[in-house]
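For reference, the structures are reproduced in the following blocks.
Across the two complexes that follow, chain A remains constant while its partner is chain B and subsequently chain C.
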Partner chain A sequence: MAQFWYYVFTLVFFLFDYFILAMGLNIQYGETGVMNFAYIGFVAIGSYVTGAVSLPNSVGTGQQYIFGWNIPFPFNLIMGGIAAMLLAVVVAFIALRRLRTDYLAMVLFALSFVLYDIINNYPRLFNGADGLYNVAEPMTGVFHMSTNSFVIFFSLVTAAISLILWAVMSRITRSPLGRTFRAIRDDADVASALGKGVFRYQLTSMLIGSFFAGIGGGLIIQFGGSFNPSAWLPGETFVVFAVIIVGGVGNNVGLLVGALLVETLLIHLPAFLPDIPGRPGLIEYFSAMVIGIVLMAMLWFRPQGMLPERVRKFPAPAGELLNRDGHSVVAPTPVEAVATTNSAAQVADAHEGNDA
Partner chain B sequence: MMTYKDLSTTPAGSEGPILRCEGLTKAFGGVNAVNGATFDVPRNKITALIGPNGAGKTTVVNILSGAMKSDSGTVHLGSTDVTNMDRAKIARLGLMRTFQLSRELGGLSVLENLLVAPKVQAGESIFNIFFRPRLVKREERQNIERATEILRTYGLYDLRDNWARELSGGQKKLLEISRGVMASPSVFLLDEPMAGVNPALIERIGGYILDMKAQGVTVLMIEHNLNVVERICDNVIVLAEGKTLATGKLSELRQNKEVVTAYLGEVINASTGH
Partner chain C sequence: MRVTQFWLSFGFGLVTASVLSIAAVGLSLQFGITNYINFAYGDFMALGAYLTYAFNAEIFHVNIWFALIVGSLLMGLIAVALNRFLLSPFARRFDKTFYVLIVTFGLSLIMLNLTYSIWGPNVRSYNMKIEVDMHIGPFLLNKYEIIIMIISVVTMLLIHLMLKTTRLGKSMRAMSDNTTLAMTSGIDTKRITTITWFLSGTMAGLAGSVLGITEGNLTPAAGELFLFVIFAAVIVGGVGSIYGAMAGGVLIGLATEVSAAFINAAYKLDVAFVILILTLLFRPSGLFARSGRA
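The block that comes next holds the complex of A and B.
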């Protein structure tokens, strides 16, 4: 029975962790239109830094890594988020200043390979191909938890963190800042013609999204105690893209649905299923195929996702009388109606004035 | 009647032309799209920019608004040199524009298309969103009231909660103009605002442009409809082959042989079917 709950809460952990990751990518891609194909690199940096600052000095540990400051949870997690933001600044100045859309996406994808190769081949940073391990499970000493109870505890901690971050993200996306992000997503030229500094807002969006990526990555290393390059192959970015495309681009609640369907049900649940006799690993390959098929089906038949972005409605100004449909009872002239307005009369006046 | 609040904002200096271009050039490959265009746009007037297709009118508007960099020449907005300045900075100085093909922000509602327009908003700062929420809310309420007023004037009020991408072509034209008005411009560049709209709507758009002038906005509009130009424009600039051919009132330009040969004759022949 204990094993059953271990499985269930492991799925709960990945559900809420990918919810955080999806929110981070969504503000970049879904809200601002920055196709960040290097997203998994930001997750990795968050994970490595969270682990490396929480580990003791590397001397005598059998690992090589920078930091080693014994920083406790959740401060190490915040440092992971900040590290991902610093990477975002560098990436933004390399890629965002001059590039748009598909060119930007290609450069970011290439950057994720560069980052991957550096970390994989330069062990002094984060122990190279072996990655970091023996990262202590947070607060187990305080609450005297077993491994099973830690999984339950930390899944709930992750859920709580994701809900706090969801509240923060909702506040941003509903604000005038979120509106400006969406204006840039729809047409950066128009936004610029309205006086919006496109790079500045894209950078802001990158910073917010990267912080979320760093936190999500940090939670992964805290949950599992280890993190290595096999966990963040550049193609992993597309799993997060799949989450937001299936859930609904631009809809924070849809992202939770996407995380449930893609990450929890299609990726992690099959990992807990017993192997088919004589076909080891077949289920894992099969789940990757199913994700691809689901993604194609969504893009063909429901590109707006399970829960599409909703139009933002605003309360009518004070004193406005509305009918049951929400329309003003003092209806203005419809657009295509025959012109009988004062303005039309002014045109006529102007015409007469010209004749005179 | 709607009042255009804050339209008194003008670039530095209040004398002389509000927009001055000198010797603008722009080449694409070997083709000189703009080839030394020089003209002034008088303050608080409606000026038409006319000329045959390929004369460089839209390229000039693109250069004036910062969407395109000129190869040479200067542009002054009031006393400020805005030559090849970043377009967002030019917009913040009070120069707004519309596009030849309407470019609504389709993923925003009609109301949001207007709410995004004010150039500087407290709610666009992360700090203000979390630490000065009352300021953000107050400003947002004021912007909603003003946007509502503008949408009423432009007959788009009942569509305020629709996606902008769902509007008809004429409605998108109106939305684009009303969005520019919401930004409180001192100079408004309109790229063929009457193109592809029905005659009744042409009348209304003409009225809105006159409203803007009455409120102190300078308008420079590219327009092929000479009836409209004659009725609402104070001044006309004729471009041909990227150069300024003539400036003046349309009635005067009708007597100018060069202008008639380069453009007006063509338009008159087209309208009479010859």
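The block that comes next holds the complex of A and C.
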């Protein structure tokens, strides 16, 4: 029985962890239109830094790594998030500012491999190909938990963190900042013509998304106690894209649905199936192929996802006069009304309103 | 000592450059015509290499060079089918390149795992005689490596002749400049696209197979791991430019191998990324870009 709950809560953990990862990628791609094909690299940096700062000094542990500061949970997690943001700054200034979409996709894809290569081949950074392990389970000392109860406890902690981050993300997507992001996604030239500094907003969105990636990655190493390079081949980025596309690009609740369908049902559930005799790994290959096929079918038959982005509608702002043909005419409006309704992004953006 | 080492690695660099040029030109041809990047290209290479392996070591046990030709052509046909039934419907239906990019990304996942499930994760190698290395001038190369260089040069010449002298090549250049204009001047763009995918797939299969020969082993992930080096070659040369891709392939191939003589060889492919970043910083449209592009 304990075994059963262990499995169930492992699934719960991955569900909420991928919800966080999906929110991070969604603000970059779904809201702002930055195709971050190196996303898993940001996750990995978050994971490694979280692990490396929480481990004790590397001397005598049989592993090699930098940091080793014994920093407790959740501060290590936040440091992981910040490390991912630092990577985002570097990437944004080199690649994002200069490149159009497909170049950017190629460069980020290449970056993902190079990060992998360097960490794999340079053990002094994060223990090379073996990866970090023996990362202490947080707070077990305080509550005297066994491994089983830790899994339950930590999946609930992750759920709580993801809900807090969700609240933050909804605030962001509903705010004028979020509207500007969507204006840039829909047409960067129009947004730019309306006086929005496109690069500055893209950078902001990259930073927010990377923080989420770092937190999500940090939770993975805290949950499992280890992280190694083979877990974050660039193909993993595709899984996060699959989550947001299946769930619904630009819809935060949809992301949770996407995480449930893709991550929980297609990736982690098949992992519990027994191996086919003589062909180890076959189930894993099949579930990866199924993800690819599901994603293509989804794009073809329901490109907006399970829960589509809500079409945002605003009533005509108070104080604005309408002509008989429905077009507004210039009317004297109170100063406050100008401040709240005259945002350039609102003009550029077709759909307005509240996000989930 | 240093000088000998330099020339030795320069020789290896020429081999890598040969492989890389074939791969980069194949990718660039397709990009020029269809205007989106094929993220599954690395898996095209791997599948082509395994098809060659199947003919060479599993079913017919034919000579490696014959298997290579058959495997590559078969990969070309697979590429045509994939374009016809998967990629081109998506490209026609959706305006934003994102959708097709994600589809090629998904295709990459499917093809990689298909290769894994057919041939398994174990390292395979072609069935061929082991040749001794020969001293040729300052280089140290074996028979296979020399043949690969010849294959590469011949392929480049054929592509050049095709582009410059045949009606097909002319149509391809027209389409890569402006598809709509090419269509209105009576070029059968659908046919050209099909032929381009065939060429691209064949060259992917060829590149994957010769990569397997030079490396001495095959793994399903080999193509994917090599893809970013191809991207580097293509971007350094200027995306969509065929001659740029050739030059980029040679430059990156030489740079990675020569650098391996001076730094830890584990990082040699990352040198390609450094060159890529430098190119982006100082000449973002590539060294040989056509004006008005990028």
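Criterion: the second predicted complex is superposed on the first by the 307 of 356 C-alpha atoms of A that agree within 3 Å, B and C clash if a C-alpha of one lies under 4 Å from a C-alpha of the other, contacts with A are read in each partner's own complex, and residues count from 1 in each chain.
Definition applied: contacts are C-beta pairs under 8 Å (C-beta built on N, C-alpha and C of every residue); 3 or more make two chains touch, one makes a residue touch a chain.
This one's a predicted model, so the numbers in the text were calculated from it and none came from an experiment.
Of the two partner chains placed by superposition, only chain B is touched by A:Thr204; chain C is not. When the two structures are aligned on the shared chain, A:Ala183 is found in touch with chain B, with no touch to chain C. Within the superposed three-chain model, A:Val89 lies out of touch with both chain B and chain C [touch as defined at top].
Of the two partner chains, chain B is the only one touched by A:Ser192; chain C is not. Once chain A of one complex is fitted onto chain A of the other, the partner contacts of A:Asp102 are limited to chain C, with no touch recorded for chain B.
Touch criterion met: A:Arg312 reaches chain B, while chain C stays clear of it.
In the superposition on chain A, A:Phe286 makes contact with chain C only, while chain B stays out of contact range. Overlap of the chain B and chain C interfaces on chain A comprises no residues.
Contact residues of chain C toward chain A in the complex are 36-37, 39, 86, 89-90, 93-94, 97-99, 101-103, 105-110, 112-114, 116-117, 120-121, 221, 224-225, 227-228, 231-232, 234-235, 239, 264, 266-267, 269-270, 273, 276-277, 280-281, 284, 294.
Residues 29, 35, 37, 94-95, 98-103, 105-107, 109-114, 117-118, 121, 233-235, 238, 241-242, 245, 279, 281-282, 284-286, 288-289, 291-293, 295-296, 299-300, 303 of chain A are the ones that touch chain C when the two sit in their complex. Across the complex, chain B is touched by residues 171-172, 175-177, 179-180, 182-183, 185-187, 189-198, 201, 204, 208, 250, 309, 311-317, 320, 326-328, 331-339, 341-347, 350-351, 354 of chain A. Contact residues on chain B toward chain A in their complex (touch as defined above): 1, 65, 67, 86-89, 91-92, 96-97, 99, 103, 105-109, 111-112, 115-117, 119-126, 129-130, 136, 140-141, 144-145, 148, 151-152, 154-159, 161-163, 168, 170-171, 174, 179, 183, 198, 200-201, 203-204, 206-208, 210-211, 230-232.
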